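Before anything else, here is the set of structures, which you'll find just below.
In the two assemblies presented below, subunit A is common to both, partnered first by subunit B and then by subunit C.
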Partner chain A sequence: MNLEFESIFDRAEGRYLKAEELNTLTLYVESLPERLDAYKRLRDHEIEVLQSVADQIQVDLPNASIEDLERAIKNLLVVLRYCAMAMLLNDEVFLRERLLGWLEEVNRAFNLRPINEALYGLLSQGLKQELSPPQFALLCPYVTLAQASLVGSA
Partner chain B sequence: MISVADLLKNDRVPGNYFAPATYVRGDLELGILENRRGDRLLALPETLIRSIYTGLEKETGQATRLVLFNCGRWWGKNFYSRFCEEVSEYYDTPVSEMEMVLFLQCLRECWVAHGLGKLDLDQSFQHRGFLVVTISHSPFVAQVKDSQRPACFLEAGVLSSFFTQLSGRELHCVQTSCESLGASTNHFILGLETRLAAVEELLEEGLDHDSILARLCP
Partner chain C sequence: MSVFAKHFKTTIQNADGRYLNTSELQALEDYLSSFALRLQTHQLLKEQEALLIERALARYAQEDPHLQTRFGPNARERCGQDMTEILRYCAVALLRNDEDYLKENLLFWLQTVMRALDKQDSCDLAYRLLQEVIQEILPADSARLANQYIALAQEMLGRPS
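Let's look at the complex of A and B:
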């Protein structure tokens, strides 16, 4: 569970939630329909979005090996799925602890950073086109987090 | 042409199998700790570990190292087969066809998920026939008191047996630095037993890990 919620529920042991605590929950609940819509949209259009990323990356990086590109795109797929879930849960720890630490090592070992740099640019463009602005705004922090960890780390 | 749809196997892309949040489960009422496949896990209290070390030292003295090393070998043998079974099942690939990077990354994560510390591999001496492994925050060595020499015999046994099975060659393992002696991490050198024979003597002479490695790979 989202750490903030967890700590709100823990603190409220034996008392009612305070106004600001309820407010945090309300904000999340109100954002949930949009999150669900964004999630479903991603689920249904994942292949299209990533296929156009895959087509473009082969044009942009003609010298990269297909093997490396496929590996990086496969990692991008799993990142996008975890980002979608993290957005639904409003929980960046979910993304960071379950996936990013692990992927960072794999990326480093295969030296996928230059490919990732290009891939994340293309992914952002694709997502912007696919999602509505509020949906993109909900997803964006997670993609940025993944990007920072997989492109930002040497 | 890269087809994204073809990259998906059964509409699934595997992530980190050993992510602790999903790997370790428990039922407090039943007093059960298990992994995500439902295999039982065992929690070892520090007192037990300390008692095993102290008891062995009292009962067997010098032989303690050998006893622990052999226990580690036995553990490593089973650990290797369980590990391969879990990993190949989850990643839907036989271990023999798995990329080494992924395999070793799984080993690192597995080590952490089991609370055995942080394991790392240095393959830069592989062409000379040696593999260097480091383990930081070993829960075993934390219980060792008044050691005069590296004390992770259990882990050395596990590593020797794990990598013997992985490489198909009988590999020995010697620890060359130890947290119990104030080092920042525990270093292990793996290689053929004949080639590691000198390490024991160098340790007796009081050489540190880097100097020993420099002697082995001049």
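Let's look at the complex of A and C:
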């Protein structure tokens, strides 16, 4: 559960929820249909999105080793799945703590930053094509967070 | 199950690195479609709390007039306090769609207390009456939802040890 919801319920221990607390929950629940649609769309079209990214990256970075490209694309797949879950849960902490912490290390160790830089640009284009604008807007903050962590940090 | 339920954490942990499948997502969709009723019921319990407790206590006094003789002069007041607490935890649990929340945050502990004080009979009666009163005062769909949780309290607190 995201931290905001968790703290609402922790504070409400033994009492009813206040109007503004109920409002926070309601706003999230009202956004769930769009989140669920976006999530299912990502799940069902994951291969198309990533395949087009994989095809294009070989054109854009002809000198990169296949091994590095494969490693970076595999990581990208995991990132996209975690971003999808974080978007569904409205939970940035989930993405940061469960994935980005250790993935940053891996990326540094293999020096995948230049490849990631190109990959995230392509991913963003692919997602814009696959998702509706409101769905892309829901997912975008999480992809941006991953990008900042895996590209932004040298 | 909902995103707010303790149990959902397990679903997420089990899903590590894969997408949730249709049945896991169905649980969220079911929650979504029941949320309006949950919200309404939470608010009704909050608004009607005083009336519900008062009426349940009055009925209790008719059915068990010797409560104070057995458990002391403050027994009625304490019974009312416990009922209020149960009602509030039920209101939060039903909003979360989370029976585990009710059990883990209140009922396991209260069950130990009630058993130590040998009050299971009183609890059984009190929470049966509270369900009756809820059914009379709340709209049918809200009463059904709320009583699912009160019934759990009755079962756990009223069951002989």
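In this text, the second predicted complex is superposed on the first by the 154 of 154 C-alpha atoms of A that agree within 3 Å, B and C clash if a C-alpha of one lies under 4 Å from a C-alpha of the other, contacts with A are read in each partner's own complex, and residues count from 1 in each chain.
One rule holds for everything that comes next: a residue touches a chain if its C-beta (ideal position, glycine included) is under 8 Å from a C-beta of that chain, and two chains touch if they have at least 3 such contacts.
The shown structure was predicted, so the numbers you read here are calculated from the model rather than taken from an experiment.
Of the two partner chains placed around the shared chain by superposition, subunit B is the only one that A:Lys74 touches, whereas subunit C remains out of contact.
Of the two partner chains placed by superposition, A:Val59 touches none, neither subunit B nor subunit C. Look at A:Glu105: by the touch rule set out above, it reaches subunit B but stays clear of subunit C. In the superposed model, A:Thr26 lies in contact with subunit C only, and not with subunit B. Residues 78, 81-82, 98 of subunit A are contacted both by subunit B in one complex and by subunit C in the other.
Of all residues in subunit C, only 3-4, 8-9, 12, 15-20, 25, 28-29, 31-32, 35, 39, 42-43, 45-46, 85, 88-89, 91-92, 95-96, 101, 105 touch subunit A in the complex they form. Residues 47, 50-51, 54-55, 58, 66, 69-70, 73-74, 77-78, 81-82, 97-99, 101-103, 105-106, 109-110 of subunit A are the ones touching subunit B in the complex.
The residues of subunit A lying in touch with subunit C in their complex are 1, 5, 9, 12-17, 22, 25-26, 28-29, 32-33, 36, 39-40, 42-43, 46, 78, 81-82, 84-85, 88-89, 94, 98.
Residues 1-5, 7-8, 13-16, 19-22, 101-102, 105, 108-109 of subunit B are the ones that touch subunit A when the two sit in their complex.
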